[in-house]
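A, B and C are the chain letters, set down in written order, and residue numbers restart from 1 in every chain.
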């Protein structure tokens, strides 16, 4: 969750991996996350409010809980604290403008959190406010979609690709046991609007690259850039983007995105505003009118059939095949280490 | 069903305990209730109309049925009455402005019907028209809610209770094998608006009592009153209320309520109108913005978890524990007496 | 599907017998129908477009398929055609303004297609544009409804029948192994509006006939006419109608209807327009306010009960009993011939 979505005094409910979780901040700003269920009458704690230094108070009867999931105050009778199951508490760490939540059963490994300082407002590369959208398809289909560089030519025709983009060549790389990358380079093509905008906005032909990588469990890193035909990449410009998919249920997810730019061309403030405005429009178009409907339609077909057995095409689908293979292996290993826990499993149909 | 909801000539459909039932009146005003399904093509009889002295006529083909569930007229061919299963017919008794329906398999015991004459328009205690609302939660959660006097302080803060109400003491009593009562008395507290209105409307502190009882299967009787601090109850005023919950499905119910007042303060007609108007607003506020959302949220948590194992708190939850225990015992006894019948069982999750 | 619903260049998705099917036309106008699922990433082909002489192109990655369900073009990499399951292809035949689709596992028998030339715009009997509506009830209930001539008196009172129509007599006939007919004749009754309109529009009494037949699997043929009391049928007028029900899912269908008139009275162009306008209104009224709500209500009762055991009435229900008996026998025979195929079965509850 982006930090700004949990201001002081706010209480927020989220469903993550099918678990209902309530977030709040203490008076010192520290964020807490525990199971969103008062053990007394099972009212959700998220309709309650923050009280005291670090507590959340149930709206139904006023029981108070701290960030460890323990009941610490009972306003009734003699005030005796009921002996109950402790609510599950989730380790939380706030870093680079994001509240990270640890859903696993092992100790949190903070070294896994990505350094996103390039994307923050005080970075010279900062271009746009981070954002997120709720999507009613399994997160796996979104990862497939982003790792698949070949759909850009037709689905995002005119915006991010065109018929000429079909000629691009893609190579693939497995990075260790938990990451996969795909690299695509297309030479000397009419510039799709997005590339024209971020570079020189003069309509000339360009060399274009789209690099994307997946890192377990649900991180996607993109480098999308262009330069003059035959030119050096370092003379062109490049958009960096970090996308994080948060599974909500087996059939829905939150899609978080952050963007930055390297070697942005020098422009007047008015020019920059106009470019930023148009880039925002293109991003909405690309998602809400292009990727979104197609992935939703794909998911309907999968649901109607009750299964998903895609047919990988040579030259374009290696990354989609590889990330699922690595992901399943990681899940299996985690399930073997924690056989009695409810380790999240891959979805049934996607 | 309130009598006024079934005027002469009207036909009404209801679902009660998962059974579809059609109600109508004969020409002499007597109400009938039978299964809402024409045995011919299974059209609902409730889209038909009342005909003759006491019949209902199916809209699809015109077969006519009487209040015993027998087909008594066939307008087609030689008019032969089809030999069919008889539709289930429900004993009906109209008393104190309510049409009471007997869903059980034993003879109706009219002595069980409550005397509600205090609540009728011609009673000196009459204060407001009876009403009802449809609620999409199991009736059990509503009984829990009303029997629980401790939630008033926080959920109805400012209206029926306040932080000072938390200090009230509650005692409990089992009455025979089918009734439970809870009594709460709170001394010398700033008057919540409801009590201020029904008593002297001058903002002074009051002593307040909330008494509630459950009687099997789904009757709730409330006595809610106030008096001067340290004064006699008989010098104060008291609202009587009778609430009846009618289960519709396992996850929905109808909530019927009747109210009366004893020792109402003497007021001008304008004052009485103003008070009645504000009390109506407070009742809507208490239910639609306070109890309603919280019970609906509680039920969502229960549904998501697939079970409900509340944690009773000493001093506040005895009534909620007791009524469920007595209710289950009564159901079990009835099921033992009628093993082959479809005796309504307690809901699975609530 | 009516031919006009698939113009040149159009791509249409339909669900028939629970199968998702995409329709398109080649450049020469020939219609094709194949499974609506790209085997690559399972996007529906119906969001793609027609390309080349006779192909459909997937919108997601540009794979192209022909009318046999084979992939014939891959725009990526070296263009190698993936070795995949062939998509199911459905034989299609266009005849009398309708695209007929063969869902069965045997060779299509074009001789079974009905000659509907009487209903086409260039026929002297043509009266109205064919139409269709989507209905959320099993197609079986609609066949029952149309074959049942006795419901007209009450359900369509004033429009197609009236209390006097109840006196009509109905006879029934089985025609071979796959067809059933019902004939109803009613003498000397006040003319319901529909008959008054199509004949002399002067309010006199009429003799009226309603004949209807079912032919497997889902064809309904109606002859509805009237003449002067005691007159020759050939001196009166008659509306012919052909209704085809296309099952969509087990609980929904498409209802297609075509109408023609024989011996239409001679009228001015303005009179004809006024009559046609009012007939259109009556058709909407008869379906959307009369049959539609009652059949939907009937289906709700059936769904709530989880089964359907109607009670046939002598003199009115023989056709409804017979068509289901013949239909089940045909299904059973087909299932015996194709035991391993997914032969569509009768619905569970209707």
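The rule is simple: a residue touches a chain if its C-beta (ideal position, glycine included) is under 8 Å from a C-beta of that chain, and two chains touch if they have at least 3 such contacts.
Computed from a predicted model, the values in this text were never measured in an experiment.
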Would you mind working out whether chain A and chain B touch using mostly the same residue numbers, over half shared, or mostly different ones? different
Rotation in the CA alignment of chain B with chain C, degrees, nearest 5: 120
In angstrom, rounded to a whole number, how far apart do the mean CA points of chain A and chain B lie? 48
Among chain B residues, those touching two or more other chains are none
Using the touch definition from the top, list the residues of chain B that touch chain A in their complex. 144, 148, 150-151, 153-155, 166, 293-294, 297-298, 300-302, 304-305, 308, 310-311, 313-316
Sites on chain C touched by chain A in the complex: 20, 36-37, 39-44, 47, 59-62, 74-78, 80, 82, 84
